[in-house]
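Shared chain: subunit A. Partners: subunit B in the first complex, subunit C in the second.
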Partner chain A sequence: MTSSLLPRQALWWLIGSQLYVALPHFSRVPLWILAVYAGAALWRLQMYRHRADMPHKLVRLMLGLGLGGSVIVSYQTFVGLDPMVALLLVASALKGVESVRVKDGYVLVSLGLFIMTTQFLYDQQLPTMLYGVIGTLLLVISLIAINQRPGASLGRRECFLALRMLGLAMPMMVVLFVLFPRIDPLWSVPSKTQQGTTGMSDVLRPGDVTRLGRSSEVAFRVQFDGSIPPNRELYWRGMVLNQFDNRAWRTLEWKDHPAIERQLERPTLEGDSLHYHVIMEPSMQNWLYALPYAESDSRGVFETWDFRLAVAKPLESTFSYKVVSQQPTALQPVLSQWRRETELAFPPGLNPRTRAWVAEQLAAVEGVDDFILRVLRYFREQPFFYTLEPPAISDDDFVDQFIFNSRRGFCEHYAYSFVVIMRMAGIPSRIVGGYQGGEVNDVNNTLVVRQFDAHAWTEIWLENRGWVRVDPTAAVSPARIELGLESALAEEERFLTDSLLSAYRFRNVSIINWLRLRYDAAAWRWQSFIVGFDSGEQINLLKLWFGEIKVGWFVAALLGSWIAILGPLTWWMTRSRRSSDRLPTEKAFAALCRILARRGIDRQIGETPLHFLTRVEAQLAANDPLVIELEKLAVRLYAPVSGSIE
Partner chain B sequence: MKLTGAFYSIYRNWLSRRLPAARSITLEQRRLFIFPTAAGFFFLATLLIMLLTAINYQNNMAYGLTFWLAMLFIVAVHFTHGNLLGLTMTAVAAEAVFAYQQSGFTLRLSGGGKRAGHYSVRLLWPDAEQVVDVGAGQGRTVTLHQAVGQRGYFLPPRLRIESVYPLGLLRCWSFAYFDCQALVYPQPLPAPDVLISVNEKGTLGTSDSSGLDDLAGFRAYQVGDSARHIDWRAWARGQALQTRLFSAPSREEHWLDWNDFDGGNTEQRLSWLCWRIIQLDASGDDYGLRLPNVEIPLAAGDRQREVTLRALALYDMQPPGTGYHL
Partner chain C sequence: MQSLIEQTVANIGEVVLGKELEVRRALCCLLSGGHLLLEDLPGMGKTTLAHALAHSLGLSFGRVQFTSDLLPSDILGLSVFDRERSDFEFQAGPIFNQLLLADEINRATPRTQSALLEAMAEAQVSIDGQTRPLPNPFFVIATQNPIHQSGTYALPESQLDRFLMRLSIGYPSAEAERRLLVRGDQSGLAQLPISMNAQQLVEIRGSVNAVALSDSLIAYVQRLTAFTRDAPEFAMGLSPRGMLALVACARTWALMAGRDYVVPDDVQAVIESVVAHRLVPSADYSGDGAALVALMQRSVDVIPE
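After this line comes the complex of A and B, so read on.
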């Protein structure tokens, strides 16, 4: 059986479904793999037209080894998801060339299923799911095509059959999805690379946030239990950058801290608390975004010494967590000596003009508050511009250049300059990176925060008040904080230039916007119920249903649901194929034979109906109604029809 | 599935009890067997790898796809089984042939349901294989060929009906013994040419009724010549064995007599008679057949040919068995 040839239409379905499942990967594999695909497709076409032969076994082996080696060379490794995907794609292209037999078809289908699974590891959003459902359907239709009688055509019936089978499998899949225990990873798996992920990083150079302003990709989604706070209060803290080194601001890591500084000092809290649920897209970073001061009891989330939320490993897939935020009376009201020194450190030789300017200002002010207001007033009153296209400053004396010369910058330029000025004035300060604002979706009361909402602001430490947020960008462009980036950059064309086809660009068209908001609401449900479903949620759900979790309940629910679905299916199949509804002609013939047997004319074993007819004719009269009826039926039923022969 | 010795015979006995021979067989629940194919096991192995991927990457969509396909496999059990369920096969005709030739067995397949058909149904005999589709509410006729053995009744071997449709992940199969026997005529062998069909019109055959007509001459004895035509007198004189030749009869009526063919054993005689019948049938003359205990009167045509050949086929045979002797 395995040696029989693939039916022709099956080959096209197989190759088509292979291309379909490989397509989303093409953007992240080296270009030469696309060339391998094109070459393989061309070769297969020539084979189909009998213009080329299948390459010799040795050639295929060499090709396989050579291309596998090329993957390893181009990725420098074969461990990891990216090289694995590349190897799978090469394997599927080569298998496509040599697929002539039925068993090759099964290998291709399995490869296709696995390639589709790897796509899910990169992205679990709603469109990927829909794409995957169609891919599964195509692969199942391919399986049916493989198993068709040679020469049979594949039409609507086969497509509906695939749909019906997948449809019947779906309820049982849901049961298994809910009940299957979510166990921890069995072994550590190769990580995904950071390649292609947009988002904030823990190193900030002027221009880093600016780049994010061109992307409308979703960073995270939030659902508040109550009403959504106004835009100007939505400062999503992600990371704290406290060390200046080599023209960039960096985060001090856990290992950079002395042991005593690693402890979290819990502040006293006041006012109302905000409860919300965040679902983050994969960021490849280990920090989470939340409104200060945030606490979370979600699995795997911990709070850091600088009042952030983080997880142990970089987020390679969607992550969901619940947060409670409440206003602190003071964050870290007492600053340790080490911390004070760290948050004041700045290379002494840099930015001499700024240093002189700070000294001049300090002489004129009365107290710290006055100084800060004066600096902010300077930003507001001097001709500073808020722009996505700031001129590049490659000078070591960045702040000198920025505040006295170019004066055109994005949020990180202002935060950078402000922190340097504060530190020069002896006020502990640091840059905070994260997102500001977000788009409210009224359909399900969620907030969508996109990459262009990325923002950098500052925190300064004041006696008795602890760390206080100061956003110098607000002084330059109040619209950014009140209304969002788009209003602040109404005249600029660079906004969203990296997201040309994003629905967000067309939100002024009302029908598109209507659809977009509903889609976002669906995406929230998808992300929160399906993608975010983990062992914690599972246990909660099962406790809700069964009261307590017992293995017996588990098994009973699983089997019970299967029986509930498969029982009717079996009954329906048996019923619909009951042999009692045979063809009317056959029933009539059998009945006639019984009548004749009663008259003493038995149809003999192995006797052809036509021969039987001649015998009956000999015994009864030729014009006997029974004979005429028998002749009619015999001719209609058993006229020599040759069966199809392979 | 080669099981050895006693175990295999137990299996065959069980199978023949479970699946008795019949003219018309409907594939019911209890007749059908189902098991994953090699491709099915390969598919399950792929699912295992996908499950490990889902667990290690904690990826719910990978879990979902894996579970969906696993449940598809279970649904496929029902669909593969349902693809054969209710298929009715009726043995319509078994072509009568000469010994050691191929006989065509005609089966009528009809669908069990009005809505669901039976697709890619594979019918397997040792010598023959056919793949057929029986559309919903349709029927179709299939002829399978199988080499037969000696004369008499030939019982077709166990027919295997199998299908892996629709997904190829599972194989559903059944066996059918058709109570449909092919009549096998003796193998025609050229009869010794000295023998003359004898005009015996109006007289009952007696042992000396032949050979008294016009003596035409002699020729050297050949193996297979009837002893009654040997010129014993010449042999007694010390001459070589000679066979007496008689002139051909002028009338177109021939009697084929068992006793004229006493130069061979039973099977040889039947083979020669068979050959003669084929020749006479081709010439269009009337002929009759005399066998011990059977006499078939003079006639011509297909019917006569069949009646005489049937008589030869069943000469000295037990009545056809009712079941299979496995």
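After this line comes the complex of A and C, so read on.
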């Protein structure tokens, strides 16, 4: 039997679910793909209304090739995640146009599931998962609609059936989730473009952190084993900026160091250690955030010479790591000559007024500590303001402008000025970037650190004490450090005014806040147990269950047993579908038609053997064996014994 | 036998010019023993075709012009009191002819329509408690006008089903129209020879049953029927009676073509006339019965892939 036609109501579900799964991708693909989608859907609806015919096979082929080519042209390449997704979207749009039979419906649903999955290559957060579940449900309903009797209505019963089918698939899903081998990708997933990622970067200009202050996106989540330290101690170190160059502070890279400086120094530690687990959102950077002094034994995490944690590749997806932090007695108590020079370097000609001021202060103080206190007191006593909207200073002599004239700035302005003053006074110092504070979620005792918690502070090196943290912002606005950014900006009323719909903004509404905190707790579970379940965790779990086993053997046994069960099953199912109750003559005729089709003579659907014969005779020689065979078959198909009457 | 049929087609073709296919189909309908519904605009030759068929098949002919005040007794006949014999005497109505032309059938009231349709189904009429058989063969050719429907009573689907075929004749070709003009007033009906007698007609109808149906063809007809029941364009699929009618006509068509077995070409030649009036398109389908038949023909393959 030829595959029967798609029921009309199924078409709506198919088009709807296709649009649904494609929707999140539309923000990432070029606009013309949206137009292709709309055009295809419109054309299909016109076909549904019998106002248009399906485009000819040749036209469809040309469209497919043309649009595939357009994808390559508009991305300039064929490899990579984005062009692949675009190609998939175009394919599903075109397939939608030619979907008239039930088997096309199956292809469309499978494509939809695949597109749904590609969504997770971009984002693996809880909302994406929920979106995916709804999408899968829609696709399953479409599957039911495809298999319905035409004209039957699709009601609550069918929706419940879809839910039940998904429910029945759950155990299988769990088994696959736990057991399916997490093979490292055979090819590296092409890097996503860095568009639209927020977060700290390894170059700091005045105004960079200020911009982050307007975003309530989550940067990372932390769960402490014990109690959460007070806000003022939560300095999440991310990167260290040592070098001033062309109006910006930069990180020294590994390759900038002389060979002798590359080795790690382990400080002696004292006091209680803090154990915590961090899940970072994709940052497109390779450093991790942790409280000083941090050590981690998570896979792929290493320590750097400036006592930070980092990974080898920029984080393109969420990353989870465990950290132990403990207070050092002294961080790098001995400073090498090269390092001292690096941490003191500042272009000599800049900021003459500051240089004069520093010299003046130095003359009046006794010792380094007194000088530092004096500078901090200056920040506290002079009319400095902590603000999200500092005036732009484009001058080369930034510090002169800032500390004597504008005096309105965000954390990086203070850190910048403070480091310059220290370096002018001969005290090695550097800017540290990261996050400060975070929001405690009592529901599951986690800390959520958002982009607006981004902060910049300084570290100065003191004889015998090593690197010591000094936060000049605390001198200007103690509330920022004790209570967070919002309290610090209470008077300004500029906090998060740009993100109108952010749930964080409405946390004064108790029900929203209640929901928000519970959602965050669920998101933590999702990130730590589901997204974080990597091959290492899998192997640990399997070892727990099955004892010591060889991973390779386990995978082989697993795949082997699946192939052993599913292989024969698939073969049997396709075989039973293929062998219909066709007569031998009909099979022979169909075979002959295939041969003739290869010769370029296609039989149309509904064309009778006799009509086809006249067409074939017109194209082939009369004594062609194919013609003779066709002639015989055309009679044998229908005649009882032979010939005709009279 | 085939020459007899060809002769009949040729004879009628002398009267109904340039409409060989329609004449063949109409003849096929009568040879299959079914009733014919002619649906076309006024003046297209419906009555002429009916007259020519009756005449050349040698059938007795009666005609009733249906109007809204037509009563069942005007068709069936009635008993009249004979004063001299002091008894009722039955005066047979036009239905007691071998071929009845029911002109503009949709103008009569449903009551009168059903009296006729009942007689068509039963091949007998009951009047005053007495059952009277209708002649054999008995054919009805009904005509109706597809437009100007005001003041008419459209035949319901269940009654359309009583007609084996519904035909429309359509405008003649330019060549046929030229000959029509040259011929002038003379319709040629008077000169039309009688091609066969009722006895021969009954014989032909008997031999239709000998036409063979192969398994492939039965499967094809079943697929066609299944399509009308599955495809979403149909509000109502083809009934078993409709399927039987299709096969009966295809058999006659095969016989008319001189074959003792049916090929799909036979089915396709008659399918529109037999099936179109039995199909109801679904509410959101813009086409009519003919479009549905076309859809069937291009969707259902004769031999499955």
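Observations, loosely collected:
Heads up, the rule we're going with is that the second predicted complex is superposed on the first by the 464 of 646 C-alpha atoms of A that agree within 3 Å, B and C clash if a C-alpha of one lies under 4 Å from a C-alpha of the other, contacts with A are read in each partner's own complex, and residues count from 1 in each chain.
Heads up, the rule we're going with is that contacts are C-beta pairs under 8 Å (C-beta built on N, C-alpha and C of every residue); 3 or more make two chains touch, one makes a residue touch a chain.
Just so it is clear, the model here is predicted, and its values are computed rather than measured.
In the superposition on chain A, contact of A:246 is made with neither subunit B nor subunit C.
In the superposed model, more residues of subunit A are touched by B than by the other of subunit B and subunit C. Look at A:464: by the touch rule set out above, it reaches neither subunit B nor subunit C. With both structures placed on the common chain, the touch criterion links A:168 to subunit B but leaves subunit C unconnected. By the touch criterion stated above, A:263 is placed in contact with neither subunit B nor subunit C. In the superposed pair of complexes, A:27 makes contact with neither subunit B nor subunit C.
Of the two partner chains placed around the shared chain by superposition, subunit C is the only one that A:8 touches, whereas subunit B remains out of contact.
Counting contacts as defined above, subunit A residues 1-2, 149-150, 582-583, 586, 605-609, 637-638, 640, 644-646 meet subunit B in one complex and subunit C in the other. Residues of subunit A that touch subunit B in their complex: 1-2, 102-103, 106-107, 109-110, 113-114, 116-118, 120-121, 124, 128-129, 132, 136, 140, 143-144, 146-150, 152, 158, 161-162, 165-166, 168-170, 172-173, 176-177, 180, 182-183, 185-189, 316-317, 530-534, 562, 566, 569-570, 573-574, 576-579, 581-583, 586, 605-609, 614, 637-638, 640-646.
Across the complex, subunit C is touched by residues 1-2, 4-5, 7-9, 49-51, 149-151, 580, 582-583, 585-586, 589-590, 593, 604-611, 634, 637-640, 644-646 of subunit A. By the touch rule above, subunit C contacts subunit A in their complex via residues 1-2, 212, 214-217, 219, 223, 230-235, 258-265, 268, 282, 284-287, 291, 297-305. On the subunit B side of its complex with subunit A, the touching residues are 23, 26, 28-29, 37-39, 42-43, 46, 49-50, 52-72, 74-76, 78-79, 81-82, 85-86, 88, 90-94, 96, 106, 108, 110-116, 119-120, 129-133, 137-144, 164-169, 179-183, 303, 320.
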